[in-house]
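Quick one: the structure is below, questions incoming.
We just call them A, B, C, D, E and F in the order they show up, numbering each chain from 1.
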Amino acid sequence: MNTLRLAELTTEDAERAVTASPLVLLPAGAFEQHGPGLPLSTDLVRADRIAELVAAELDGRALLGPSLPVGVSPHHLAFAGTVSLTTTTFAAVVREYVESLHRHGWRKILVVNGHGGNNASLSTVAQDLLVTHPDLGFAWTPLTPLASDVVADMDVSEVHGHSGEAETAQLRRLAPELVHEKRLVPGTTRRAELDSLGTLSRQAAITFPVTYDRLSRNGVLGDPRRAAAGHGKSLVDAIVARIAGFAEEWLAS
Amino acid sequence: MNTLRLAELTTEDAERAVTASPLVLLPAGAFEQHGPGLPLSTDLVRADRIAELVAAELDGRALLGPSLPVGVSPHHLAFAGTVSLTTTTFAAVVREYVESLHRHGWRKILVVNGHGGNNASLSTVAQDLLVTHPDLGFAWTPLTPLASDVVADMDVSEVHGHSGEAETAQLRRLAPELVHEKRLVPGTTRRAELDSLGTLSRQAAITFPVTYDRLSRNGVLGDPRRAAAGHGKSLVDAIVARIAGFAEEWLAS
Amino acid sequence: MNTLRLAELTTEDAERAVTASPLVLLPAGAFEQHGPGLPLSTDLVRADRIAELVAAELDGRALLGPSLPVGVSPHHLAFAGTVSLTTTTFAAVVREYVESLHRHGWRKILVVNGHGGNNASLSTVAQDLLVTHPDLGFAWTPLTPLASDVVADMDVSEVHGHSGEAETAQLRRLAPELVHEKRLVPGTTRRAELDSLGTLSRQAAITFPVTYDRLSRNGVLGDPRRAAAGHGKSLVDAIVARIAGFAEEWLAS
Amino acid sequence: MNTLRLAELTTEDAERAVTASPLVLLPAGAFEQHGPGLPLSTDLVRADRIAELVAAELDGRALLGPSLPVGVSPHHLAFAGTVSLTTTTFAAVVREYVESLHRHGWRKILVVNGHGGNNASLSTVAQDLLVTHPDLGFAWTPLTPLASDVVADMDVSEVHGHSGEAETAQLRRLAPELVHEKRLVPGTTRRAELDSLGTLSRQAAITFPVTYDRLSRNGVLGDPRRAAAGHGKSLVDAIVARIAGFAEEWLAS
Amino acid sequence: MNTLRLAELTTEDAERAVTASPLVLLPAGAFEQHGPGLPLSTDLVRADRIAELVAAELDGRALLGPSLPVGVSPHHLAFAGTVSLTTTTFAAVVREYVESLHRHGWRKILVVNGHGGNNASLSTVAQDLLVTHPDLGFAWTPLTPLASDVVADMDVSEVHGHSGEAETAQLRRLAPELVHEKRLVPGTTRRAELDSLGTLSRQAAITFPVTYDRLSRNGVLGDPRRAAAGHGKSLVDAIVARIAGFAEEWLAS
Amino acid sequence: MNTLRLAELTTEDAERAVTASPLVLLPAGAFEQHGPGLPLSTDLVRADRIAELVAAELDGRALLGPSLPVGVSPHHLAFAGTVSLTTTTFAAVVREYVESLHRHGWRKILVVNGHGGNNASLSTVAQDLLVTHPDLGFAWTPLTPLASDVVADMDVSEVHGHSGEAETAQLRRLAPELVHEKRLVPGTTRRAELDSLGTLSRQAAITFPVTYDRLSRNGVLGDPRRAAAGHGKSLVDAIVARIAGFAEEWLAS
């Protein structure tokens, strides 16, 4: 049995874990389209397995709390199967997970977030907690942006991102059984394929979201077939190492 | 790959599933104490696996949607590890799952609910949906109460219920790897052990909730060791058959 | 003057009542169609008068607090005159009644609920109060289900319920001046009259609400004319005795 | 039977009333201290009976909808027995009453408001409805301010108001059985008895609420014993006539 | 630099101001049509400048806090440029301003309100604060109603009010650069121009709001050209003197 | 008169502006400590004046809508004078501004945001609007991050940011009258001055907010005195040019 998951512990185990494992990792995913080759749960699977690897790395000082299987995905709702929470409901769920854990004595909580659409809501929770729970530390981390140097070394398409090279590489590494290898096909790969609003939405500094049906016919940005064998390992290793490094410093603080 | 789970489908699969699998099952659990021998995730595990068996029974006409891993458990918060949503946040999550599924075309949604604490919130969602989504069918089912005749045939304790004979029997059947057989110990088993408020809270018709630390020192009602080998199978078979029977009638309507 | 009603007391009387009458009964009704023969206020009238009889039985140790004249009735909105609160607003009203009474020192509050549509919201309030007001006892009771044995002895229709034999009998007993005897006509009385969704909605264990215009052309389930003279008295006596018995135990606890 | 009350109608009667009685009066009260001589329900009783007199005056073209027995009374919570809703819950209740009535076809709704603490929330509802229900007319009226000329003719105390001369006179007229004549005693009657904040709170144009325990030891402003026999009738007649006059113009518009 | 504005102070200045300037004035405006001759910000400009004059009068014992540039204006939304908050959002903003100021030590807060549409929401905030912040004094004042005697001395139109004689006179006095003198034209000036609902909406005691496009073709009530030179000064002087007088008494209490 | 500000237009001007100026800029600020030398309104002043420069650059095709003078600043509440909205109230205000503008016909709205604490809430609004207003374009831009290349050319402290070199330079350029030159003093300037949590909070990719009293004794990060004369101009010019460039592309799309 996996003793790193709070879900699988008994209440007596949990009582000991408050002291022994003072850091709780909350895997946050999404339930949204990932193109023709990846499953709807891609983001949760990545977050969950990376959280597990981080917890293993920390050797018992961290454990996985309850997960967030559905995230904030309004931009993907035009694609069948996408299930989305509103920003305020997602934030409420995170806040209430945190409040329960805080009640039992945990003071360090890190959301391991596999879905960019959750970023803003997670930050609002972090802000609200500064006032309501001043004795609590709350942080959240994305996945792929932690390894942007690794992505830079991959031969990615001009346009790449959602369900593209880096994400597919991670899922192949973490859950190859969920990847439909034969259905992997490129989505939008060149800037010239984007219309003017789509181009504007991908500016670096200015936030201007558009829905994904405008960005890509099949929901994919980039070419998932271009991820060479070792990329998944490099990405996952880098992400795990960086989260674990952060956690080590936090636990030592 | 398990094609009964929406989470594992691609968006293209999901688009076909709206027609092929017009019924969505949402497994609802809790993240709460289940005594010294069962894990915090007991209710989700039961709901999820029973939903899977029901879907299998229906042979592709139903699939599992996103799950609800955390439920409404204020009465268990005195026990370490319990994570609870408020009644309104839990209801909001269910409603937003339903709204997304409705948007894609599903019109029949059945929550397979492993945790009694969710009952009231599920019913409020059902009531609200009558007005906001008149073209939608929404139902929810408990588990053990569907098999009360089977429970009546078991040799249960005078006081039995949470983490007791029937629940332990189900988990042994559905996920034996999660049961700490050696840690199974009786909790409150006789009415004489209850104080006056505890006794009042267990009246049949009048709803008077008290917190579980008042009802049981270790969080258990009944004696989990008394579940004989075949009870788990009988309970699960009865529950699955009755949910599947309901679903068949609904699909035929 | 009726000294069992808080509404009719002065503030000085109320101050004494906190000690003398430690149990507050809150009558909860609905404002909804009750077929061609019963008034929209049927549920409040039943709840209010039964609460009054219970208070009388308790001889001053309980009193009636403010009533809830409108309940949760989305399933009856197709019938003219029905006024409904949403589940969250109804719950907020109950919670705020309770918070005010708690502030004055009352610690035992029992909602006497004449309308099944309020059940779920009342239970969510009870759950929320476990966390926010741990020193408070909050319970709610239905009416007719307390006397299911009496109903079983009546010669009711195959399909019976809303505005049917048992409810009409109660109103005849409690407020005969509100019953339009000549307008009492049967509604849906046989299962064969229900369509498939209507049939599904009346399964015992699975909750699947449908709107009442699907269940009955005139809003009635059962035949209100079949209530023999003594049934109303038997029902009311049983309900009052059982609530009073519960209250006695609670007051003694 | 009183056919002016929607609560006492059947749904078939209600359907006819949408056309025959196009104006709905909603009596709004409070559940709050009214000094040593008047009951907690004083404001609802006044509102309800005045609404009834107005409806009678209009001869069937108006009827009484569901009442609001509890209002917004935070300023009276220091006095035992006061039950208060928050401003937003009270507003939600009013809005949901209106939405249900609107659904059945009513387009003219007038709240007959016996309690000044409800004024602000009623006005926020009126503002919100301008956007959400542009085809609806919604108005609210106070009681005593409609007859300020009559009050000016009474020999009232220098400080007068809550539970004082004019309010007591109305209740004597409308429900003498609820007035404890022997317990009527003066409260704060002279400006010199107010402290500086109390004085500031009673400026005409600047709104500066304070709690009533600061304004009066026994919760009364004025001397309820000074209401001469005819004042109650004059006040009630004036109030009824003015509301009925407004309603006539509205019905004719 | 204007040391009466908190916005222009540093945090160190602000710390001293809690003691030195114990009264905070919050200017509340609207962002709404004011006819062909006045700008959308008319109400904020009036509130802000009058608050400044009051603060100057109080000689450092009061300062201006953050302003409320947008108010509750659903009745003006038919006119281009009007921006409106809902009643609950406007109230939340005021409440959160107050909570922050309270946290720093301020206990006297006065909203100087240039827009009648904000009145009800401000009063709900005042009511809520009685319970949540019993150690805080919170008041709000309108502008023109403080000088109703001055208005009575002006030769105003039979119908006058929004963007009419008194409001135009104030803006001419306070910010003449914002008045388009040549575009000032009369709006509705006689009762005979109002339709029956418009007439009803202008009853003194009964609140019955209608949207402004029903009251006036160009959004103006009255004739803004009729304000003689001295009226603006008389109005502003009277308003400032009365608010300052109230503040003096409050500061001395 | 400044015709680029909607606040200063009449409703008739506004009606024309919907067509002539199809882009609305909403300046968003904060009301929070900016150390000993800068005023509480620093962020609004920067946002407002930069928005004005952008509008001027666009030559009438954009105008300034209502501003957001108070933002989300829980991390600064330990410093006197800071006024903060909760994340949900700030988001509600933005959403309601947008809804009003949308109602009048505007379809392009850009928040010019001077305060990083608003970022997350602005992004949640952007996400929610994708579902509720699919025909609307909504974007938000920060200020200083648009000119990170200019900052990189400045000789900034090892630790720099809030109220430091780049922010002070901007305010000197945009509103020198609000800068207390003699009070400008360094805050935290070296990493070694941060404690371990403070260091963690400034990781690039992982979001881990702490309150500013932990990061800096006087609320400043960096040394505001080190901004050489030309930096303010370079920063402002770059920021304005980049926002205007984005707006040009949008207007042309």
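Here, contacts are C-beta pairs under 8 Å (C-beta built on N, C-alpha and C of every residue); 3 or more make two chains touch, one makes a residue touch a chain.
Just so we're on the same page, UniProt names per chain: A, B, C, D, E, F = Creatinine amidohydrolase.
Fair warning: this is a prediction, and the values are worked out from it, not measured in the lab.
Participant: Give the fewest steps needed to get from subunit E (Creatinine amidohydrolase) to subunit F (Creatinine amidohydrolase), where each step moves from one chain to a chain it touches.
Facilitator: 1
Participant: How would the subunit B (Creatinine amidohydrolase)/subunit C (Creatinine amidohydrolase) interface be labelled, same or different, where same requires over half of its residue numbers to be shared?
Facilitator: Mostly same residues: over half of the interface numbers shared.
Participant: Could you tell me which of B-C, A-F or A-B has an interface matching E-F, in the sense that over half of the contact pairs are shared by residue number?
Facilitator: Repeated interface of E-F: A-B.
Participant: With chain centres taken as the means of their Cα atoms, state the distance from subunit B (Creatinine amidohydrolase) to subunit F (Creatinine amidohydrolase) in Å.
Facilitator: 48
Participant: Averaging over Cα atoms per chain, report the distance between subunit D (Creatinine amidohydrolase) and subunit E (Creatinine amidohydrolase) in Å.
Facilitator: Between these chains, centre-to-centre, one finds 28 Å.
Participant: State, to the nearest whole Å, the distance from the C-alpha centre of subunit B (Creatinine amidohydrolase) to the C-alpha centre of subunit E (Creatinine amidohydrolase).
Facilitator: 56
Participant: What are the residue numbers in subunit C (Creatinine amidohydrolase) that touch two or more other chains?
Facilitator: If we look for residues of subunit C (Creatinine amidohydrolase) contacting two or more partner chains, we find 77, 86.
Participant: Classify the chain contact graph as line, ring, star, complete or other.
Facilitator: Topology of the interface graph: a ring, with each chain touching two neighbours.
Participant: Which order do the chains take around the ring when read from subunit A (Creatinine amidohydrolase) towards subunit B (Creatinine amidohydrolase)?
Facilitator: Following the ring from subunit A (Creatinine amidohydrolase) in the direction of subunit B (Creatinine amidohydrolase) gives A, B, C, D, E, F.
Participant: Show which residues of subunit F (Creatinine amidohydrolase) lie in contact with subunit E (Creatinine amidohydrolase) when the two form their complex.
Facilitator: By the definition above, subunit F (Creatinine amidohydrolase) touches subunit E (Creatinine amidohydrolase) via 1, 6-15, 17-18, 31, 33-41, 44, 65-67, 69-70, 77, 79-86, 89, 92-93, 96-97, 100-101, 103-105, 177-178, 180, 183, 219.
Participant: Which subunit B (Creatinine amidohydrolase) residues qualify as touching subunit C (Creatinine amidohydrolase) in the complex?
Facilitator: 72, 74-75, 77, 86-88, 91, 117, 119-124, 126-128, 130-131, 134, 137-142, 145-146, 195-197, 199-200, 203, 205-211, 242-243, 246, 249-250, 252-253
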